[in-house]
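Let me begin by presenting the structure, written as structure tokens, before commenting on it.
As written, the chain order gives the labels A, B, C, D, E and F, with residue 1 at the start of each chain.
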Amino acid sequence: MQLHQSTWAEVEAYLEGSKGIVVPIGSTEQHGPNGLLGTDAICPEVIAKHAGDESGILVGPTFNVGIAQHHMGFKGTLTLRPSTMIAAMYDWVASLRRHGFESIYWLNGHGGNIATINAAFAEIYSDGSLELDGSNAVPLKLKLMNWWELPGIMKLCEKMYPKGHGSHATPSEVSVTYYAYPDAVKDVEMSPKIAPVGPIRDAADYRRRFPDGRIGSDPSQANIEDGEKLVKAAAKALAQDFGKFCAREG
Amino acid sequence: MQLHQSTWAEVEAYLEGSKGIVVPIGSTEQHGPNGLLGTDAICPEVIAKHAGDESGILVGPTFNVGIAQHHMGFKGTLTLRPSTMIAAMYDWVASLRRHGFESIYWLNGHGGNIATINAAFAEIYSDGSLELDGSNAVPLKLKLMNWWELPGIMKLCEKMYPKGHGSHATPSEVSVTYYAYPDAVKDVEMSPKIAPVGPIRDAADYRRRFPDGRIGSDPSQANIEDGEKLVKAAAKALAQDFGKFCAREG
Amino acid sequence: MQLHQSTWAEVEAYLEGSKGIVVPIGSTEQHGPNGLLGTDAICPEVIAKHAGDESGILVGPTFNVGIAQHHMGFKGTLTLRPSTMIAAMYDWVASLRRHGFESIYWLNGHGGNIATINAAFAEIYSDGSLELDGSNAVPLKLKLMNWWELPGIMKLCEKMYPKGHGSHATPSEVSVTYYAYPDAVKDVEMSPKIAPVGPIRDAADYRRRFPDGRIGSDPSQANIEDGEKLVKAAAKALAQDFGKFCAREG
Amino acid sequence: MQLHQSTWAEVEAYLEGSKGIVVPIGSTEQHGPNGLLGTDAICPEVIAKHAGDESGILVGPTFNVGIAQHHMGFKGTLTLRPSTMIAAMYDWVASLRRHGFESIYWLNGHGGNIATINAAFAEIYSDGSLELDGSNAVPLKLKLMNWWELPGIMKLCEKMYPKGHGSHATPSEVSVTYYAYPDAVKDVEMSPKIAPVGPIRDAADYRRRFPDGRIGSDPSQANIEDGEKLVKAAAKALAQDFGKFCAREG
Amino acid sequence: MQLHQSTWAEVEAYLEGSKGIVVPIGSTEQHGPNGLLGTDAICPEVIAKHAGDESGILVGPTFNVGIAQHHMGFKGTLTLRPSTMIAAMYDWVASLRRHGFESIYWLNGHGGNIATINAAFAEIYSDGSLELDGSNAVPLKLKLMNWWELPGIMKLCEKMYPKGHGSHATPSEVSVTYYAYPDAVKDVEMSPKIAPVGPIRDAADYRRRFPDGRIGSDPSQANIEDGEKLVKAAAKALAQDFGKFCAREG
Amino acid sequence: MQLHQSTWAEVEAYLEGSKGIVVPIGSTEQHGPNGLLGTDAICPEVIAKHAGDESGILVGPTFNVGIAQHHMGFKGTLTLRPSTMIAAMYDWVASLRRHGFESIYWLNGHGGNIATINAAFAEIYSDGSLELDGSNAVPLKLKLMNWWELPGIMKLCEKMYPKGHGSHATPSEVSVTYYAYPDAVKDVEMSPKIAPVGPIRDAADYRRRFPDGRIGSDPSQANIEDGEKLVKAAAKALAQDFGKFCAREG
């Protein structure tokens, strides 16, 4: 069930049976020579959509621009400042709580978002935690899950790409986007075959270290078939993990 | 050309020929008994996508949650506070300027966004306008266009729906979303046939005035065929208007 | 009744009979060769004062600096950033609500303020609209009225100045200020007689397009007598419109 | 010379001879049984206006709502939060610097503003002080002067009102406003004759300690004649002090 | 009793007997040729610690970086912007209120903090003062005390240093730090013996006026013995003043 | 070398040889039945101090209140909101950069700070990354190191406490504080011997899951001797790691 394709009455009906929602969250940033700028938003979006279609999970709109200051040396990248992203996530959660959602599961597609998402959670929880009586009348559960950390997925990635999986512009994420947008498959040679690794700082430093944008990966291995397998496996794992999260502790 | 389906190198190449980009901007909010929560984001997104595919215009990611505080009485609506939206738009524009974009055209799908988008423009322009030397080295042009105000579109809407077009949850916007997502077509009776009209204030007031969410409209007239006509006409008008905007004054 | 010339006990007494207040809001910005920098604040202030004296309406202090980033190329202009103006209007309204005011009518003198005033309204309404129970215990009505859009006024302006009324530094607003401050009447030749028109962006762009600050106007037509007529007509229309707004829907 | 009654060309001409400006800053807050809500804005405004008319000093618009949270227990009071006031003063100064003003003299009418004005100064200076090269290309001088601390004024107040001058709703400030607005003179008995004194905290605490709003004063001594003497003496002292401030160190 | 050396259970027990706490607040900024960068934080910290050890007063952690933009021309200085400091103090007080503290006594070591501390108090009080019912269920008392203004201390300083006490990098504050950190005593000649005086603006202006950082002082008079006397006298005065503040009005 | 015990001239001399600084950062929050509220600030402070004394590393003041909203159910805990902490860290770094520091090494004592520290890094880097030319004239390196993750330390902890090390209120951190403050050693029975584990959300949820504040630990094993060993080992590891960080890539 996709929130943006539902009416308000359908969401009202859904809320009678569940207080949980999955929100895909990603980034719009360079993904190397053959990766799409939308990769990190597309991956959680397509996985969540698949899970929503299969299992009836409610999937919210995609939070599609995140923390990508380090990629600003590559054209097309968009970034929020962390303080802006915290404010925006705060408003999204305030809106969802207003409707009675209690279990909000953020399916993330971008490693660079992790810190700010967790900071946003602390910002949101602070309101209740600083209330004078401390009673927290409305319980709220927030969870961050990176799609590649869903049960079984990283193992599948490593099996698919024993060499050159890397950590940015990975063949697995590129495969997922190729499955989502077959018309957008790019055929680009990688040079060097496997990209270098190193720490992440600001945009100028990043560009110097990683001239074509990749970190440690060889995404020329990406293909539609792998993407399909990854989406199906991840969607299944998501439905299960989300179910546990909503039902009790997760 | 869709930014999120392009690589950074493709955007770099695009920038050699054009400094302009279209950014769809909408809202996630109730759209009455048969309208989708994503309506206001879907409309500019699908129109811009169509224009981008046809004419080579670069289309950025969709800014999909906007100012919808007045719809919070209906489940599924999400809103930003205006101050948050200004901060987010500020960061999007700062990112685009960093890459050399000079003409940023926001194709809007939500009347409730208009004030805040214009306020964001003034916030962004203020940096240059308050600079000591006032020279504004990098010229920046920001434009807001509501898709229904593209040349010829409102006339088309009025011709299609001489009665009950209204101003929220209109048959025209619902048609566009049905064309975009044929599986999401809803069949709902409207009662009353045409919704009431009135001023917009906060969520409680809105719910009292407009019990099923519509304002002045009868969206049961919506259908896929009309949606297709609207998308094609709007995409064509967009490509032309955007061309003028980039070339000189618009 | 002018709030700043009243005691707190007098306002307390007023509140027993009415929960409404008029707040003049304007800008301090260039108004062409013969217009005063305070024009946009003076116009709503003097009209509201006149209405307050005649009809007993309570008139608050004037919010006298607004959104004028585009005029920063002309000496003496002051501007707020929209985010600052939203914060300030938020505090003004929070103060008024604290005292029991429910109907706050902003009489505006500056087109450039319209977007940010409406954004501020959405920011203020958001608090109630995002409340968990959504009950909105204290109803709040906010209204923006540009003085030149008060019933009958634009028609009067067009009759007075069939040519060269324009949209910035208009003869009508200059006339109002001359009536308010007869000692400040300026005698300046206009060249060209009628100023050019065009879009509004940042300060440098504005100065290039509109070298002496006017847009489309010939304010050399301004005079004290017209100002008096305009103030009297606008004050009368304001008292009526404000009465309707407070009494029920407006 | 009043900025709001001048054209931009007149301010441009003024700037050729002086980089200094006086900005009246006050508050809109209860001033006891016979004092006007606008007292703290009116006093610096009328004194600065008088000085501007006599000596050619440029006087900016009045910053008319300040820090008055402690007076919120009395109807009609408006307050900004300090963070809002800092943001607004920041924008005013940024605007003035853009035009070349270097010496900005804030003539203050409200003791409760002092801390926040000084905090705003530190906020404004921080930009230059944190610049990497520390060169501070454009020197900026900000000065706060409370009108009652202008040379000779407090002595005059004490001579006029040897008993019951107090510290809030004083007979001197009420006299100044009566001189400014003779029609607004109020005739109210004070009970007790002289109001109590004590510390200032929040609104509820303030109302308990100072039931009619006054602190330590007997403003029934106020009269138009005293107001006139105060305004003339203060305006003269202001012109001298401002001259020193602009010329060199002050 | 030092909060940071106590367990939560010990603080819980303390709160049964007292709702008061002392919070040392200072700055990290240059203190001339022989003064420590931590002087303004060390002084209130050591005085409060002494008082806490002697009298059982609860002493919170030290707020150790304050408003020091004017000292940024000297290496090692750290500063907050006033808006940041207000936000941080707001959160500290919100935390303490959550636990039931009602009387929060800020023992300050830095003149440059005074304005912003008072602005922060107004920011904090504003929440309660703007509440609709104005009832302020939880009374909160905030007090600022500069350690050198504790009863008897300034007199002691003047007696110890009849010449060259000055106002920044004073021999009294340097003595207190030497007592706290005997290993950090510095032996530096002062030239001139007594530093110049003047107004405080931004960092560049400050450095020009006060080349070695001092204002009006000769801190070569500082010594450990004086520091000990000052700490003991100030700690005693603090315990008494804090007792009065908690018990009733202070 | 401790910044707060140094003069500005000493820091100026240090900067001629090194552009690096260690900043201890922690939290003030409950640490179970026998742990000090200051534990997370004390640990990095004492380790950094030891390293600074031994090796000449410059150690800045301690950032002593962090993200502890989840501990607000226990008396004495203080927290910042993440947005406040980002603003404060931003100002600290801006100050250090102004003086020429390029390598800022944050030695952290609190797991709950990790996300927000990394978010603050991204906020700080964003300024340079969004600059139009992207040249980043002044290179800035920011590093976060949790003291327990210094090379060799976690192994040492596990060897010391094979059972009941846990993740909050661990015997290792309590030992470090006992070494730092021998007078503050507490003798408290733990019940149960080893605390439960689980996810961390808001304060009410935390208190329900972890009634005495510990997570997975038995801190009754803490003692001064272990603390001394940990401090010495960590200080040595810190000096080495910091040296690598400053010299080149770290």
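Simple rule for what comes next: a contact is a pair of C-beta atoms (placed from the backbone, for glycine too) under 8 Å apart; a residue touches a chain by one contact, two chains touch by 3 or more.
Every value quoted in this text rests on a predicted model; they were computed, and no experiment measured them.
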Message: Spelling it out: a chain qualifies if it touches chain B and also touches chain F; which chains qualify?
response: A, D
Field: Label of the chain whose CA centroid is most distant from the centroid of chain B
entry: E
- prompt: So which one's got more C-beta contacts, C-D or A-C?
  reply: C-D
Task: List the centre-to-centre spacing of chain C and chain E in whole Å, with centres computed as mean CA coordinates.
output: 46
Message: From the mean C-alpha coordinate of chain B to that of chain C, what's the distance rounded to whole Å?
response: 29
Field: Of all residues in chain D, the ones touching two or more other chains
entry: 72, 79, 81, 83, 87, 95, 98, 129-130, 134
Contacting chain pairs - touch in the sense defined above: A-B, A-C, A-E, A-F, B-C, B-D, B-F, C-D, C-E, D-E, D-F, E-F
Message: Quick check on the complex: what are the chain E residues that touch chain F?
response: 2-12, 15, 28, 30-38, 41-42, 60-62, 64-65, 72, 74-81, 83-84, 87-88, 90-92, 95-96, 98-100, 181, 183-184, 186, 188, 213
Chain D partner contacts - residues on chain F that touch it in the complex: 94-95, 97-98, 138
- line: Listed in rising order, the residues of chain D that touch chain F in the complex are 129-132, 134
Chain F-facing residues of chain A, complex: 67, 69-70, 72-73, 79, 81-83, 86-87, 112, 114-120, 122-123, 125-126, 128-130, 134-136, 139-142, 198-199, 201-205, 207, 249-250
